[in-house]
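Listed next: structures, encoded as structure tokens.
Shared between the two complexes below is chain A, which has chain B as its partner in the first and chain C in the second.
The block that comes next holds the complex of A and B.
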């Protein structure tokens, strides 16, 4: 890894000699330059790909986490069926019984790209398994990202900064976190396209080129097809243009670039079924539309200004500005009020008010990705670039060309958003890399220039020249050391924090050797082999994609959280007493219930810890039946031991989690290793309506089957009571309390 | 279970070939009785009747403690029917525990149980309690002070279920004699209970102790009640033994006959033989060939057949309903009988006719849930996905008159743009120069 940095540093000498490359020697130098550049790129590509392979080497070639399992399943579907089938895919195996119009509600860019690669490889006689393509997709595209970043940075400064930026983006943990091998997610391709779109946009803007702007629009279209985060571009580019207009920098170039990008990009993006008419309906897209209109007015004003005297123009301007503002604002309000344009989405609100989601939309807040970021995360994800970043933004202000305004706008917006939502760290990382590279290369331009030693005509005394060399050497050396630290840090973070597939958990044996906890796959495989193909599995939505992908069974809810009510149904089933849950689940034809229980293993991300979210989401729909307060003890604590509240102990989730748990321990005192509480056999009531059918090796996954409806029509709790009674029981002489016969 | 099914099937086949045994499920019958309570010879007419029905009767006397009752050999059921006379003692409680009776019943064995107020047959009581039938305890028996005779008489009017006993005009003034001591039962409101004979309005139960509250009052009580579990196995309880005795046999014969027929599944046994749903139209394209999409027209058919005691005949009724559900029903259609099914003339074909699927995609259940008191239950459900319209299944824009105005505006813009460009290019340059000179003077 450290090699890469050295190579990045080397060209600086070579490129400084650029100016005199017209002679014979210059030709030779330029040849050396380009071959060095190629070599550096190969090194960057190797570094960026190889550092993402930790996951494969340390674990195995497997799809990671949750969403990638859906993408993988969709890709499989695309490969096995035609593109038209994929586009019109109705998936009846999720969201039972609603089903999901999957083809119309996904971003197909990722799947079509991998399917394209798969077909292309087959054409040239390399029949690669689609799983391997999916696993290695993200590393491969990280190499492309490095190149796109290089081109973008070249537009900002020069090739030196470009190469540095490419090296940074190649190994920076903030980007690796979403693009290790096996992390087959939309972001894997989206960041590449983000960089490409910005690169073409800057090019188009600088030159006023229709061609480059069209490329930007096409990249934007690809981005729209790949990731919902495209809205970021949709807002950033108009914002950039808006800033430029406010700065009085309107030129015909801006007009050409923006209009080309907007018209082609918008029409193209509307071809994606999931996006559809959003670009003209959703408020998220209104900025782009507004700036488009504004640009026309500004262009008209520019034209009029050139035709008439200044005095008249001022009057016209003021009148028209006020008129337009009034009409625009009134129109926006009217359209929103009439419901013609959608109100802002919940995710959008939560960008401004971090508490909004927690109060109003628990489903969004329950996702850990949507939590605000912590300070150390910035350093963990970008290391020393984080303090180069403000310096770079300052340096941008010194230049302040149009493209620098873009980077400033980008960094200001993204810094804020990344602070609000963890997942937006991903979009901040590229700009940090670019700015860091620009700052560093500016620094190296000065301090890595040792030419005074070799210059024949010494201008100063020998001493001052020595001091210059010394200071330059010191500064350069310290920054080279920082670079070395950076590489070291990146490697360490990547391998320790971001390479776990989360489907397989790493752990250590007593002797310190690595052991793998494979409970998830064990359980999903059990489901696949032991249950009916049409069996319906109820589980919390986190595991929906995995059950669909690994166990191939129908699920009630999954990670595509499009229907809050349906998720609340599962939440209610988990939070209610057995008999209520049983009715509810039977109504939805559920056969099995799957829960994650970490108490034996000490795995913190289990369902009991997520239980509060289930309760909150259910309470949002049925405030009368599920009450969050009832699950706390009087002191306001969330307990699971003998002091737990009655509602808690009666809830299905509690009973399922701790069923048989105290008996695991020799003294009957079950120690929950997550919550550090003691559960005794008296705390856990019997399950009458469910049968335990499977618990994985470490009890991480527990699967329960719903008992059949009693053929005599009794309540299953009565059946259990009857079965438990002795044979010699005498019939009662007491008159039974029965309801009036109707 | 599967083995049982085959045995049943085999028996049914044998029955239909020989036209001998009459029950739809089998003829092996076990009668359990206790000499200490009653002498079996006083019921010879009843046993002759069973023989006429060609049941293969085994009797087992339980006063001897060494007698063992095996209803199952390993997991195979040994009898198809069980008739329980009142039996005394703890031995019996162990041999025929309520759990065993439930198991026997759940595995397809029909039970006819008799109790009398004098003997507390705990297992039978416990078993019946599980079904929601609560016979009066040992201390209480049924009285009707408005009746002159010491024997309790019940009229045909008090019979409640047509599928068990169909009242015709000739039988209108029949009276059934239940003897002196009769138990009455409370029923809970479970729908599987088939109330058969109701106690008269003027009757009540009372015990020896006057302070004791009565178990049933008036028409609240029942003296005969049936039960059919979800697997279509039947149980019947009769609150008197004397009802079957030779003394009253002539008088009660009709009802006894019908009760045996119903309980031991000779009548009111129906089943679905053929369930299908296809696209509407003459070629009947099935779901497997062409999955349903929203607003498709489909037709659902079901064929029902009935056991008439000898063979399967078409079951004709006008209240068979079909439902299309996605948690809640989207359709509930009463199907019309179409005559014998083409593939199977022994069953009647019901059809919904062509109906349009709702404009909503998802998993829908095509279900016939035909549950009538006294008849076998029919529950046929099939879950199928109904997909949304594909991208090319919507009408094209030019087929929609409303869209013509937009199409026209698009065409106008394109044409006028081309016209403008042509005009702009062909205009002499001097004209534009003229404009710029004008500006200078402005």
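The block that comes next holds the complex of A and C.
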């Protein structure tokens, strides 16, 4: 930890060294400077990588969460097959019975990069397991991000600010949250590319350089291949150019930089199969196209202005502006009306009209990443940088060069987006770090300069120079202390909030020692070992990727939520009475149903808590058969105990969750630890169509098998009734008593 | 002749008797049209007549309380919604009868406890203890034959549409549309402000351009916006969070303790103000102090003043940041860092 602190503070010592070098011009000083810089960079890289390794050290080298499991599976496929096979990959083991054109519907950047690293390492004689490459991918790229951020900030102010920014981005929790070891997701590489693209863009813009703009376009292409969030760049850069034009800052440099970036970037991005013709069709990309056109007009206007008198130019300008606007608006409407260009995507709408998603697309609204963000989350992710941020933006206004306009535009837009959608906090964090670093380094420029005490020529008396140094010392000390606190904050947040693989849950035993709840992997491994290779598993979509990755079984729906109806089928099956569900699941060849139940453990993210979304999504397709209102009791409450609504108790999800649950408790009064309600044996009806085949150690994962169709052609509920009548006493639950963990 | 009169008296008596028994569609339609928004007033004398069975129409009665002293927020919120619902129906169906299916008729009625000293009879009749109550009377039933409806979950016009959508299914009619009452005040305000803006633009175009192209104005606006956003404003707007909460003893709670995913409206206000204050103080350090020291350059007392101001700024920043950190400590109990130990200050 102390190493990290040192690293944050050291750049400021370099500052003083930097000033002196001008006067003395000694080679020695500049040598010390560059070696210090290298040292600082090594420290930053070590800090940013090591703080991301908590998860590996605490648990093990494992892929985290949900989406990374798919990326991992795809990477494995790519490593075992050729690149061509990968692009043409049709996966029949997901979205049964539809299958998924995986090769054409993924962003291949991440997988190709890790496959490239894997091959490269093998070439130099280091055969590393592909899993370890995937796990350590994000930490490694965070170091690259730090460098790109350094370069970008250098363009804004100087190297001092650059080093600070690199240190900030290295350890800031807002970025660590998506880039810890094991979080093998698109964002891991995307933020690196985001910073690199912006860095090259600013360079290209400042110098009007075709080379740098081409690099920006290439980075943009790489970004498009890696993350759907590339649309952010597609809109931000045109918006920046637009603002510059409005401010009357048009120059040939802007013309060169933007045209180079736009033309190369757009054509390159269309080579990605999943993107295809979107850049010229979808309205998300229209801003870039529009600014491209505008720039040509402005350039033409600039040219005409130089040739003719001002009076004539004004007339020409007004006529052409009105003409262009009319044609443009009419054209846009006409093309949208004719269906030649796609309307804005749902995710895009939900950013502007904040109620849109909730009303029209429950599948988007249901994702926790798409929720608005509360203030503590901002503070948690950026600590004191969050209040430095507005001040820093104001300081940008004081300088207000072209590159500062970029940071301002980025800050304003992104702070809105992050406020609407938690997930976009990730794109806001870099700009907070950059502007925070710029502001802080401005402060240190003024106050970390203790030269008055050494200079004898100073105009004031000895006393006044002492006072000056004292103030400077005070201010610097307080901010260095904030930096120190920042490091501690980041480390604490990283290790306590962002280092859980969420496949393995950390918990505490009664004596306070750490216990690991490994129910997921237990269950997935059970599936892998005990079921047929072609068995179809129905579960809520959240677990689709994990089942595919860990259990290697066919799933109905997964986290690639491309088919709302198919998801609604599972939702309906969960929300309907047993006989309806059985029919529906049999139609889809399902063999097993997997649910997550947190009532025993007190795990809040279980299926009963997600149940409302299943109902809503199903109701969107079958409003007649599934009604959200029926699941509430009269007071509009969502209950699971004896007061639960009849529909609720009859639903498959309820029965499966609480099957045998009350019997687990000595007095038959089941205490649901998540919802704090009591469930008795009378509340839970018997399952007639399903057999419980597996419940994990803490009952977190429960797997049910669909009973075979009765050989005598009877309805399964009749069979159960008949059997019950035959051996009238109920078979007691033979489950062994298990110790419940706190 | 006598017989004639007798018969007519008999008939009118009979008519009276039947009207006393149950209200007819025509009567209700007249009453509904009398009021501006199509809601029948349930006063002490007539409510039994209106609600008595057997009826051949649907009737929705709202029992509410707009007496400010009672402080029923739900009543205030639902009142305009109910008016929209009722006036939308009467707008298309002045007689209250569905055009598609003349066998279906629907009326709206309301009783309001607007004066705490005079509780309307109907409240006593139904033993109402909680308001607002929405009672749904179906055809064929009598005065005690009703069931309660839930209030729509959404507010304003969205609530009206939600309610009407449910009502359409419950009654079995299709020709029911929402007519949002046109809010003339916003139209007037927009027209007026447009006028003022254009006037200012023409009259003082120089000042206006100076303001619009001033980087300070834009800077302050942008910073204010960012501060608002980072205070979690969008969360309040999208979730419609309450301004503040209450604890078990009825005291006001400003910060929702240990709730990371939830916040009260006032939290973002407090936090935004803190962010803003910290930013301004920081700017004072970076921009203000150098200017001040160059202003006082050379004078000994000036250095003193600068030193003192600097020290004050640093201390205030520290205290505010300490406050922010402790606020965060409320939201996340496990947070281990604090800048000032409050307990040590007390002792």
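Please note the rule applied: the second predicted complex is superposed on the first by the 704 of 742 C-alpha atoms of A that agree within 3 Å, B and C clash if a C-alpha of one lies under 4 Å from a C-alpha of the other, contacts with A are read in each partner's own complex, and residues count from 1 in each chain.
In this text, a contact is a pair of C-beta atoms (placed from the backbone, for glycine too) under 8 Å apart; a residue touches a chain by one contact, two chains touch by 3 or more.
Not measured: the values here are computed from a predicted model.
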| item | value |
| --- | --- |
| First, second, both or neither for A:370, with chain B first and chain C second | neither |
| Contacts of A:97 with chain B and chain C, given as first, second, both or neither | first |
| Which superposed partner A:722 touches (first chain B, second chain C, both, neither) | first |
| First (chain B), second (chain C), both or neither touched by A:307 | first |
| Residues of chain A touched, compared between chain B and chain C (which is higher) | C |
| Which of chain B and chain C A:714 touches, first, second, both or neither | first |
| Intersection of the chain A residues that touch chain B with those that touch chain C | none |
| Contacting residues of chain C [partner chain A, same complex] | 150, 153, 215-216, 218-220, 222-227, 229-235, 237-239, 260-263, 267-268, 271, 274-276, 278-280, 282-283, 285-287, 289-290, 293, 297-298, 300, 303-304, 306-307, 310-311, 313-314, 317-318, 321, 324, 328, 331-332, 334-337, 339 |
| Interfacial residue positions of chain B with respect to chain A in the complex | 90, 93-94, 97-99, 102, 105-106, 120, 122, 125-126, 129-132, 134, 137-139, 186-192, 195, 213, 215, 220, 227, 229-231, 326-327, 361-365, 383, 385, 387-388, 390-391, 439, 442 |
| Complex contacts: residues of chain A adjacent to chain B | 84, 87-88, 90, 92, 96-99, 101, 104, 273, 306-309, 534, 587-589, 709, 711-714, 722-723, 727-733, 735-736, 738-742 |
| Chain C partner contacts - residues on chain A that touch it in the complex | 354-355, 371-380, 384, 386-391, 393-395, 397-398, 400, 408, 411-412, 415-416, 418-420, 439, 442-443, 446-447, 459-461, 463-464, 467-468, 470-471, 474-475, 478, 482, 485, 488-489, 492, 496, 634, 636 |
